[in-house]
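The next block holds one structure in the form of structure tokens; read it before the comments.
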Amino acid sequence: MLDLLIQIISIISFVGGVFFILTGSLGLIRLPDVFSRIHAAGMIDTAGVSFIILGMILQSGFSLITAKLMFIGIFIFFTSPITSHITANLARKKGVDPVGKTKGKTL
Amino acid sequence: MDNLILKVCTKVLFTPIILFGLYVQFHGDFGPGGGFQAGVIVAAAFILYAMVFSVEDCKVIMPPKLNFFLLALGAFIYGFVGIIGLILGDPYLSYDVLGSTKEAGQHIGILLVEFGVGLTVCNVMISLFYSFANFNFGKRNND
Amino acid sequence: MINSKSIALFLFLFGFWLLMSGHYTVLITSLGVVSCLLCVYLTIKGNFLDNETIPIYFFPRLIQYTIWLIKEIFISNITTAKVILSKSEEPELFSVKASQKTNEGKVTYANSITLTPGTVTTQIKDNVFEVHALTKEFGDDVRGSEMDRMVTWLEKGK
Amino acid sequence: MIDQIFGVWNYWIVFILMMIGLYIVISKKSLLKKIVGLAIFQTSVFLLYITFGKIAGGTAPILTKNIDEIYSNPLPHVLILTAIVVGVATTALGLALTVRINKAYGTINEDEISASDLVEYHKKYLEDNK
Amino acid sequence: MSFIIKNLPILIVITPLMFSLIVAVLTNNRIAWSLSTFASFLTMIFTILLSFEVSDRSNISYYLGNWPPPLGIEYVIDTISIIPIMIVSVIGLIATLFAHNFITLEIDKKLVSKTYSLWLLTIAGLIGLITTADAFNLFVFLEISSLSAVALVALGSKVDRKALVAGYNYLILGAVGATFYVIGVGLLYGVTGTLNMGDLAQKIPTLGLNKSVIVAFTFMMLGIMVKAAVFPLHIWLPNAYAYAPSPVSVLLAATATKVSIYILVRISYTIFGSSYEIYSFESLRYILLYLAILAMFAGTIMAIFEKDVKKLLAHSSVAQIGYIVLGISLATSPGIASSFIHLINHALIKAGLFMSIVAMGYYTLKRIDVKTIAGLGRQLPITFFSFVICALSLAGLPLTVGFISKLYLIKAAYMSEGIWLPFLILVSSALSLIYIWKLIEGLWYNEKSLKIEKIKELPEIYLPLLVITFLNIYFGIDAGLIIDNSFIASDALMSGIK
Amino acid sequence: MTNEFYIYLSILTPLIAFFTTPLLSSNPNLRDSLGPIGGIITFYSSLNIASLYLDGEVLSFTFFQISETLSISFKITGLGVIFGLVASGLWILASIYTIGYMRGNKEKNQTRFFTFYSIAIFAAICIAYSGNLLTLFIFYEVLTFSTYPLVAHKQNEEAKKAGRLYMGILVGTSIVFLLPAIIIVWVLTGSLDFSANGILKGNISNEYVPFLLALFAFGIGKAALMPFHKWLPAAMVAPTPVSALLHAVAVVKAGVFSMLIVITYVFGINFLTETNGAVWLIWISSITLLLSSCIAITKDDLKARLAYSTISQLSYIVLGGAIATNIAVQGAAIHIVMHAVGKITLFFAAGAIYVATHLSKISDLNGMGKSMPLTFVAFFIGSLSIIGVPPMGGSWSKFYLMLGSVEKDYLLVIYILAISTLLNVYYLLEIPAKAFFQQKRTNIQVTKHPLTVYPTFFAAILTIILFIYIEPLKDITNLIFGNS
Amino acid sequence: MIGEIIINAFLVTLMLTIAIFIINTRKVISTILLTGTYSLVAALMFVSLDAVDVAFTEASVGAGISTILFLAALSYLPREEKEEKFNVKHIYAICTCTIIAGLLIWASYDLPLVGQLENPVHQNLAQDFIEGSRNHIGIPNVVTSILASYRGYDTFGETVVIYTAGIAVLVLLYDGVSKTSKIYKGKNK
Amino acid sequence: MFLAVLIALAVSFLLILVRLIIGKTTYDRILAANSIGTIIVLGISVHGFYMGRPEFVDISIVYALINFIGTVAVLKLFDKGTLGDK
């Protein structure tokens, strides 16, 4: 019973993960500029990764693998904003113009 | 790179990466990994640090002289483990005689040898990065 | 040398080791201890064993903050997915003020902004952040500065 | 049938990959590109070895408690570990040489290097025959 | 003492290897040199002891790590492999002795100890290549020797930037060659499942006619032929030898290609020899033969038109490699014996030539050119004397080693191919006189072009120079040692062919 | 005292002279006396060897063994005995003469000169007694190298140029043709030892014989067959004793001696006759013979004329070998002796004239006969010997050569010999004729050195003596083809 | 089983695509990134072929350190390749490669099929290593036990190779390399 | 199930590859490469589960690490033109 429940939850989370990843990839293709695409990439890195890792954690039961999977998750959570940020930062610095309006006093 | 986020996060990540490298080093017996991979990972931490801060900063943690010494030491450890076997009456690189039983000997031998590999690889990679990053750093004449 | 930060770092690393290892023999564990000590030594040698590396004062409120953050991330993910699928993006670039005092606080705030899809910190100058948002709603969220308050609260854990 | 095809498919693609690498090494003028080609060439050879070691239905050669487990052949893995290291050593040395060549010649294009050498040779020749 | 005797096969490799690790961290150049000399001396002593052992037992097998052969790596020293080992260790010692005065000329003072480290690694790599009986281990040592050699060659860039390009080409071609070799080994491993050479030799005949084996053979040969600089694949050699720092030229020219040629022999006769009948490599043999003939002429003609002396000698090396390969391609016992004879003799000749020419070039600016060394022979009589002896030896004048090798080569060629082949050999060696005479004339008759006042000989190099000159004459007069051992080796090789 | 002792003695004496000469440089008298003393000892041992050879003793020993079939070894052969006698005997004369020449001419670097003179003689004697082709070749080269400093003795640009030509042709031909030929012989037969009936028979197919012989004939550049004759006139820049040594005693004789040795002991004359392998050589040598005689006529320089005369005379010897009959070869062997004595007379005379007057042009010699009667008489006798007029020694050899060609029905050869004799008469006798019968043009200072004149005259007398006492020589030549 | 094959085929084809792209890229940075990706996919391939250790190494070395070294070297190199026209040399190269590829493909007909248990590779030695690692050495990771013990000498050689490379690069990129040579200049005045 | 996930990952891999190739700006490429890295990290883990040997997650961690460092290196190169200290 519990096993079945865990299976179901993990399948759901896999489906969720796959959904976010595919959406993110789609976003990477069809969003207009690099700054917008960063959001799509961020979606893969956050929701996609976390759902799929959650699914795997559920599959593996509680063991060392759980810990390691969690480390992967944490690591990606930690590094994803950094790469996103420095990419965006550099794009700004090197003068890539964002699409859309610019509000307030930007740096 | 003069980026606050990157700098702070690198500081945070530095030690876990090295520890992960060491974990790979010492768990090569049980899972994938070993001296070589560990060396690369540890070196990667140093390289990250050198890239985000500066090579000079990295040289504070790993001075080039020490780096070079360890580079030779690693391979030397490997070779020397073999020579111990030789002196104790077995062929070169035979670990059987290192421990009380053959199995223990093999364990000790493999551990030491992997350590030697890790040391060399790590320091070679750091040294490579030092060489490449700071080539042409000082004033030089034209070739 | 031996102060609360180094001990905290050591404990943190050793915990990490134990979780990863899975082989709790004397040899391996003692190697783990040596490894952790080596790591701590390296931080001391590199002279960066400070609050930025080990923001121990975050710890008391960290869990609560994390849960809040995950919730935020989840919500904004769904929104972003909607935006992408419905092609309704109207990106904008604006700047906000951060109220954090310390570097680690600012970094946490900036990262939190970036981690929630839909908003990305593009530049930081002193305590002014430049943020790129996918739609106006996301921008309003950031401008609403709820996150800013949360991070400041986290930072005040001192 | 499908076994037959896939039994050699891997080999074929690996061979073609090798030749792509070799082609880059032979035909490209850029010294850097040659090193890239060499890396591709070597990586493909690694694949060939690992393909030999594979057993369908086998698992990675890290022993489990299950005695009946079929393990893929570990020997090619060891060989390739060694070969990868050799490969990176070659790459590093090649890059160092490329950097030095660029400094000495101001270019890493093979043709321009030989042209530069030729110019130097003729200059020397003229000086000698003054 | 007994443990030394027992472990001689490995000691000859790890002595230079371990010393190279120690030498690298030294800061004092003189100590570094002394230690390197000591290491190569020790290696030579071990080699001599080993040769006694081999003559007693004819075949020494050494299990590394105490694992029996197919599982572990095996070292085999037999009457065949002792010859190249001897070449490497003796020339290694002589070249190391020679290096001391010259290495600081072309290499930064702070890099000298590291250079010695690379130097010893080259020697260790070359010896390791010879001793190993494991097809893959061979690759590893191939890389050790070639990487260190590349670095050494590229160090010549302080004098001439072309050294960098030479080193680069050496590296890339060498790596492609090594990869080809690895592909060959891989294919063989795929069909036999073993890497030990002896094991392979046993298993290949059981496969019958197998396409993979043929292709594997082709690839291994191609790979090693690159390293051995067999004719169309020799393009890296002239520049690499010419632009390398002087002592490095001495070491590499005398040893590196010799070892590769030995491996060529080893692969074709030890691994594939047992299946010679099945595959009948007759046509392949002829390809090798024609390549060798082309090499003889191409190398000689290039040398005739070359002005740069070191490059000239390198071109002549290509031609000489042609002679050696020719002997191998005859596939008869006298042919291989003559190859071995020339292998040894050419090492002696080229080492002597490079040493003397480099010792004269000590005074020239940058490149050693026919013009820049003009007239130096009269001022450096002893060096010039050595040069003349070695040059005449290269031309094959009687009472020198060159004569002996040419004699046996021609005999072997006549016995298996008839009169046309000896004729070609004679023509090409007659052509080689032209460039030798060009050099001697330049050194002795032409007017001095350098405006250097103090030219006097360097007494420090007398020892290595005169030793090698003496060996050139001694083995020309008392050739029994070389000839007998070469014939023993070739007979042992041919006995493997069924 | 074993019989090999004499071989050692004759070889080592010049070698010892070579090593001791530099040590005695401070004492010129002692140094110069080494030559005649050495010559006497060597000649004495050569005579002993000759008598032992006539007694049928087989003298041979191996100095060392290089490999199974290669060795440095010495062996007494009939031809060797003759050449050894010539070389050692004329060394006595030459060394005495040299002292006079060098002192009379006040040359520099006398020590070096004498040193290399001895080593050249050493090499010549080693060639004479060599037991196989390898030994022959080695000492052939030693001879070339040791005479180079003699040729370039004056060290001016001209001498150096000549020296380069000399070395270039001799070393070049020997390595490009001779060495391969030797290697081919070794490859074919597995041996290089001389044998009375040749060693090649049965080891080579007949059609290759002319080619192999060609390699030898052109490889032995010292025999000065055209087109490799240029070195000989070029070497005339050397001091006259050297020219004497080159042209009469050591170098050219070593060349033709090697030629004869190859023809008789390597090919074997019977084998050559069977295969007709040497016919072409007859023509080549005949052409050389005539052409060089013609060139000689055009030369005004005394030594140059003598040089071309030498080329022509050498061809007689090669011709003798090429005819390849017993008698012809004997004639050739005798001609080695006769020409050596005759030509050394002529050169001594030329040197004596040069020392006395510093003249070298023939046209300047008009009327000099009255100032230097003894010298020109000697020159006249020498010329007659070369021409082959009895009672001079030269007539014997020409007689034998003609006999040989008659035996083989080479009538054309006889005509050629006749024409050449006529040319000889013209270009050689012109000189004494001018000296005695023309009017002296200018007053020329004549300062004779006695040590140059008397050896010349003695050499001239020797040609007559050799005509009378030919028997021992005939005995030796009879034994050329085996001791039985 | 079929899944394995599909994954394999997919990855291999992916590698082929990337390799073909690499041939003609002229921007060096793209070449390097693509090479890194190539290595990453190769590593995935290794994982799918059960070679986890190799994948580990390929990921960290091929994709990691190599790329970083390339990038580090790129600091000193031109960022774009010169344009090359298609010429005879390319045709020669193509011919050579085609011939060699043909030779190899011809050879593949006599190669054992991928993944069959009865292949000689699996029949010889492999079982000895696995048993030996289990019983004599007592280490679960067979690769490590072969690497460090059975073929420890290879690994020693490998360590020496990397040491050689380290020292060679150190020597080649030494900062003082091109300081003017006193000896050469001094001797010729 | 795992196979399905793998296929989905492969599809998204291909999608991102398109972005990597068409690029537009270099930053797009870097972003795409980074995302591909993430996909591969997930792929390796899932593949481990699919093959029934999930204990090799270490490889994923290394991948993630390398991915991060690689991106930093590329960006640093773009920013400063060198990986060293100017």
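By letter and in written order, the chains are A, B, C, D, E, F, G and H; residue numbering begins at 1 in each of them.
In the analysis below, a residue touches a chain if its C-beta (ideal position, glycine included) is under 8 Å from a C-beta of that chain, and two chains touch if they have at least 3 such contacts.
Here the structure is a predicted model, which means the values were calculated and not measured.
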item	value
Middle chain, criterion being Cα centroid separation	E
Winner on C-beta contact pairs when D-G is weighed against B-G	D-G
CA centroid of subunit A to CA centroid of subunit B, Å	33
Cα-centroid distance, subunit D relative to subunit H, in whole angstrom	22
Gap in Å, rounded to a whole number, between the CA centres of subunit H and subunit C	22
Subunit A: positions in contact with at least two other chains	24, 26, 38, 64, 68, 71, 79-82, 85-86, 89, 91, 93
Two or more partner chains touched - positions in subunit C	16, 20-22, 110-111, 121
Junction residues of subunit H - those touching two or more other chains	30, 51, 55-56, 58-59, 61-62, 65-66, 68-69, 72-73, 75, 79, 82-84
Interchain contacts, given as pairs of chains that touch	A-B, A-C, A-H, B-C, B-D, B-E, B-G, B-H, D-E, D-G, D-H, E-F, E-G, G-H
Interfacial residue positions of subunit A with respect to subunit C in the complex	19-20, 23-24, 26-27, 30-33, 35-36, 38-40, 42-43, 46-47, 64, 67-68, 71, 77, 80-82, 84-85, 88-89, 91-93, 98-107
Subunit D contact footprint on subunit B (complex, rising order)	30-32, 36, 121, 128, 131-132, 135-136, 143
In the complex, subunit C residues that touch subunit A	16, 19-22, 73-74, 77, 80-81, 84-85, 87, 89-95, 110-112, 114-123, 125, 128, 130, 132, 134, 139
Residues of subunit D touching subunit G in the complex	2-4, 6-24, 26-30, 32-33, 36, 39-40, 43, 46-47, 50-64, 70-82, 84-93, 95-100, 102-103, 107-109, 112
Residues on subunit G engaged by subunit E in the complex (per definition of touch)	103-104, 106-112, 119-126, 128-129, 132, 149-154, 157-158, 160-161, 163-165, 167-168, 170-172, 174, 176-179, 181, 183-184, 187-188
